[in-house]
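Next come two complexes, and both contain subunit A; in the first it sits with subunit B, in the second with subunit C.
Coming up: the complex of A and B.
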């Protein structure tokens, strides 16, 4: 019951959290040693769960070897106290640092892998650490490390269950403080974006590899912290405590509680540690009952006991009006064409999708690319934005070569895009979608987030205001707090444009923005496009709706079977025989009349 | 300032705790706590220990009990896990137990021992063989079984002096226990000299095919292969080694005297030699036979390997209480130290200074006609047949 109350922290506000903290402080005065030791177990798993939650819950990376970081923290504390004479308190930063560093070691080479492969690799990592510890003489081999001293706190030697409960409670509060910070930071949003749609996150400017690596490091820190506590509490560290099952148990804490949900993870820890204790009376059947309990709980609440909820978003009463310098496309000082594409060629397994395509776009211009399905239009976009690597050709934005850059680096250079099929971060709010789009334009790093420096608060507040502005700009002012996936189709299209605009691009690539829209929505889209151009943003548009294309475009190029077959002002292109032939179509009779002289294309 | 307040708070809380310590009843039954893995991978061993404790208590209660009071057994599942073990230990302390006799995995028993020590409760271990258990400087920890560092030399002696092996392969599974035994055997063989260790490595437990490892071992041409891990892998190794045509004598450590091994390995197990503390059925004496009969009638199957040791752990604890004329934990611990030639069903028990059993017994078993049969014991430096065992079996 106490634990149930504990988990309500998320919705209780400040007063509630303070009450819970007091309840937790009083608990050991009322409970017996056994209950306190169970409480200590729960809090230890809560710290571990909160750490793994960063990796699994936020960043969406399945990690089956998390116990390895736990082991590293425990061994670091054990070795430093028994062999180097450190006190427990001195080992705390060391344990965390070492666990964090091993996060880099496991993360760097493996994070390029997609989730299922990553799961296998992390599983292997977990076993490697355990087996290394079993075989190294330095770590005491299979016997592990013994005689790890209890911590001394201002002359008082911590030794009772109660002492350790208070210690781990302190560690949990510390963990909660930082983990909450991370969750609502620029980095936290980037993790959520990755979890929702890695490609889309990368395409709106989130450096996926770096951000994933940070998830590993930030997650590993807390396992290191818990490991050090484990070592000093039990006085013994041996490899047996860090098996694959341990990793799975911590994963259950996260999944059962609710991935990404901080109160959920604490509740999950209470169930995973507490339930088997409650079931002690049924002796040998208790683990069976526990497993059945887990199955029932997961069936009843597949999202977890306390699922993650979107952050509550307060819609500002008046729409923010940021200075033009905050929203307009930045000046480049480059004299030549904004975008230059030369001799672009892309092929997939022998099929040439784009062949020798070249064009240039002037600053402020709106260029449309049209052509039949399969003509290679989206492939041109993908090649420009770094999603596919072209075989040949050059792409320069304001004179800066883009080929070879990762998609997020292309966004940093000033190029944003939307997708043909909508790719929003579906379970996040509209505002968070836009804020993730602002990722490359924000500066706060991990250290700033953890320290919660004043400039971080300022940047967050300014970012939120600008985010609301962009939502207002595309006509979603009142829907900032809505979950993206639940918005009507037209709103989703508009939200995707707002997300792209949030990076303040020099050049915006819109991939069939009008697809599936009704005529009035198309009208609104046309007006929106006009307003985007007022910001000084250059636009390339892929679109099938000829009416729209003819009205908004300054220039049109036509692709067919990967080649550029025509280019020019809209009217000229519309009248071009080859374009009519390849794409626009004509009456039967007319077609037959012109087919002979032109011959096969 | 704040920190000092906090420190004072912590200190005040600690003092409060002392007042809340459970009262140990001076009337009603004498409670003896039995921590053991009642669930998880080692549940069968743990249940066996709990069952044996029950029989031991009943046998004592049938006579006159302890100090005129009955013994009650209080079990707690530790799942062989360090953290859960601590919780289980606290649970036992909390329910007012006067002494503890049990434990299975060393990795759980050792953290448990420190909880018992903190509360001043004597702890008699029945199955934890890791040397560290009694080397923590606790005056209230004892064990009625041998230590891993005695089994290793015993196995080495058998290989060299009885089997006359020249080339030995040692395989373990990277668990604390198995690697410990493997290393101690290797060290003892090196000390004896004249034996080449041609292979020393781990397998991964839980696989279903060890043929590739065994092919490598076979190519090293050993006279003896000693597997120090647990029975489920040993059964496969034995079966696959024979299928590969390995001619070496196969040996395994004391985690392998389990009927499951015989079921899985089938006739291939014949000739397998196991180093072990004696099982109930290989111990002589009418008490053992009574125990086995009682166990079988109560639980419908033969007692497992550690049941007799748990029986004696309870017995030796009760005897100490009688001698101390008290159930006060400190007096009982002091009396346990005085234990000299206690007549247990596993033989006579005396504790040395550290709390370890003096002259702990090991024997070898051999699988013959698809069952474990007593084989050789070391007496006065010579290897002799274990006669008492086969006689006892027949009787």
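Coming up: the complex of A and C.
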């Protein structure tokens, strides 16, 4: 049995995990019935907490109605055993499946909402489920369902506190086994990316809605599992067990323990279930003491009792050299221009930001877009990448129309970008940032992750090697394990480029990559751009630094007030009267613009 | 028709309670993006303070109208201060941290208030003294209570006062500035923490007013009265458009009417399903609420 979760936390080694498991196995032999039942409560909440942790801790979606999935699992087990003659074991997949399906029902209509609204909607969903169970005759009304049989295990009927402790311990180990795999998978990284910055995740190729929905489903499964156990243990299910307070307690388990931290969640369950029991001696005061204790604990440790740590990243001794076919821009076989933009028009309210802009980019070319602040340069990028919907116009990448595609689908088509204001996943490691950028190029799905098939391991190992390569490529070789938000400014810019390159784009859009860089960093950037072009990647560059633009560009187009006013080779554009008037300026001003360009807007 | 009118009157009365409570939610969420789960419980505390004043002190010595006014004002002041204290000691240290840890803190405060009041006053219902005249005006076959008119009028006056305060005074302008951009507001010399505390004071005082009026209207209160009411009031704030003061008022009325009509034409057992169902539909089809939210996304 692998309980890698603890090992990865870095404090407990593999031996520690084994000891913990042995302690859990021996505990019921030494403890009395009351203690065992408290232990069973802790383990049940640990299962629930691990499930909710997927939704809240990984994907960053606030769920205040999680008890609804618990209820659905419990009612499913209750109804199936009492009315359809199922055994407990047969209800387990049914409870999980039903809870998972409910995850889709609550998730699908609400996923476009801001996370705070999600909180209130999930709360409402939880109440609707509870009230419905109370009001329907089929579910036994307020009295619920009685006479749910205990499980029979190879002829042995589970009935004592000890039996149920071992059963829930088994369920917890099962949960840990799968949850742990999800946490370090392609899907798990996508969840973390969403939690950090949803727009950025979508813009680097994570299909946000689908991935969020998967978080709901994967989270709900474990509540269904715990619900079925709850029903068979007590022999009765009624609506009072699934109040709003139940959802809150499970949420407290996750946040108090440490969001996203598996050992934290288990510790949180121990505190939430154990503390009121410890306080039993003070009778009436215990809930007050518990709630005040909760406030004090959150104030003292806002990040939780056992916070999630960044994964330890082993930097390879020799930088990996993936085959060129792993890193170079793929061939398309398309004969025409790589990118064609025609008659693009975007407006916000009454303001026309981009009007009738059209251009084409040949494969391998480097096109720069220049123009004064507010000329519409970034809006052109946003329209091409699906972030804003243009009013009119067409965009085709290698012949494939892009308008109407969601940003992640644009990335899948072969287009990657960086942002004018850096948008990294700040609390993740540099390597994880790059790996999330590889999301559209990886294939492993949720089933493969759960089964941990051999091809999954191979893909993960290859992905990590390629990730290290990209970090090395942009000059961040030794910094794979550093937290992105703590890197110096220039490194963050480079990391953003590495993340974009990781999707192996046909076309890379760089939005003011040199902004805020000093001259030597700019030199390094120019060399990096040259090496990106060697990969066969086509580049569109927005930049204010004319020196840089004139040196690296094959062609330049100039935007002013949303319109294209000039286009051609750098020298010709530089000499164009209209461009000088609109942007470059004359005399002293001209010298200034070339020598000391302004930073970003 | 008479049933319809009766439900309309009842709905607007209950809606007044929701509207007053929703104002606190919407102001606090607008400024610090916190769903203050303790807000409904502050209403409950306000109701208990009012009960204490009315049953023990004021009632024996002064006329009824004056007693009610005194109880209302003192309860508002005391609950307002309690809200401010909660903000200062439980929320303020976490304002710069994770939004979930502050949310859990709010849940902790909510539990603490409920259990504290339960310890102090006992778990049973407390009967509010019958102070208001049971006078009803016949309107189209339904009866409109004088009490209902009074509650509606007083709520409207408080809401109007708040609206004018937020839109016509320097401090109100500071509040709106803070809702838009806290850092910029600080750079302009606004005492950010002070304004937040004031917002908690005002929100809690309005909730206390609703609590005392609920006690007088329903004649009984209990320590559990606040929580679900608070959740419905937050729903009202979302339906009206979070951060939007007129939106909270209208949202409160909508929730009150929805509850009354579901109870009248269907069954009160389903009224919460109707409320939350309406919320989900609202968010699916008009996610910014009736009047549009006044919240700035922070990127």
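Quick note on the criterion: the second predicted complex is superposed on the first by the 575 of 601 C-alpha atoms of A that agree within 3 Å, B and C clash if a C-alpha of one lies under 4 Å from a C-alpha of the other, contacts with A are read in each partner's own complex, and residues count from 1 in each chain.
Definition applied: contacts are C-beta pairs under 8 Å (C-beta built on N, C-alpha and C of every residue); 3 or more make two chains touch, one makes a residue touch a chain.
Just so it is clear, the structure is predicted and the values come from calculations on it, not from any experiment.
Partners subunit B and subunit C, brought together by superposition on subunit A, clash. Judged by the touch definition given at the top, the superposed model places A:62 against subunit C, while subunit B stays out of reach. Shared-chain residue A:135: touches subunit B and subunit C both. In the superposed pair of complexes, A:41 makes contact with subunit B only, with no contact to subunit C.
When the two structures are aligned on the shared chain, A:166 is found in touch with subunit B, with no touch to subunit C.
When the two structures are aligned on the shared chain, A:252 is found in touch with subunit C, with no touch to subunit B. Once the two complexes are laid over each other on the shared chain, residue contacts for A:287 go to subunit B and to subunit C alike. Contacts of A:117 after superposition on the shared chain: subunit C is touched, whereas subunit B is not. One listed stretch of subunit C collides with subunit B once both complexes sit on chain A; from 182-190, 218-226 or 290-298, that stretch is 218-226. Overlap of the subunit B and subunit C interfaces on subunit A: residues 131, 134-135, 284, 287-288.
Looking at the complex, you find that subunit C touches subunit A at residues 29, 33, 35, 90, 93-94, 97-98, 100-105, 107-112, 115-116, 118-119, 227-228, 231, 234-235, 238, 269-270, 272-273, 275-277, 279-280, 283-284, 287, 297, 299. Residues of subunit A touching subunit C in their complex: 56, 62, 109-110, 112-114, 116-117, 119-121, 123-125, 127-128, 131-132, 134-135, 199, 244, 248, 251-252, 255-256, 259, 284-285, 287-288, 290-292, 294-295, 298-299, 302-304, 421. Contact residues on subunit B toward subunit A in their complex (touch as defined above): 3-4, 7, 10-11, 13-14, 16-17, 20, 22, 38-40, 43, 47, 75-77, 79-84, 86-87, 90-91, 93-94, 105, 107, 110-111, 114, 118, 130, 132, 136, 174-180, 183, 202. Taken in their complex, subunit A has these residues touching subunit B: 28-29, 32-34, 36-38, 41, 44, 130-131, 134-135, 141-144, 146-147, 153-154, 156, 159-163, 166, 230, 233-236, 238-241, 276-277, 280, 283-284, 286-288.
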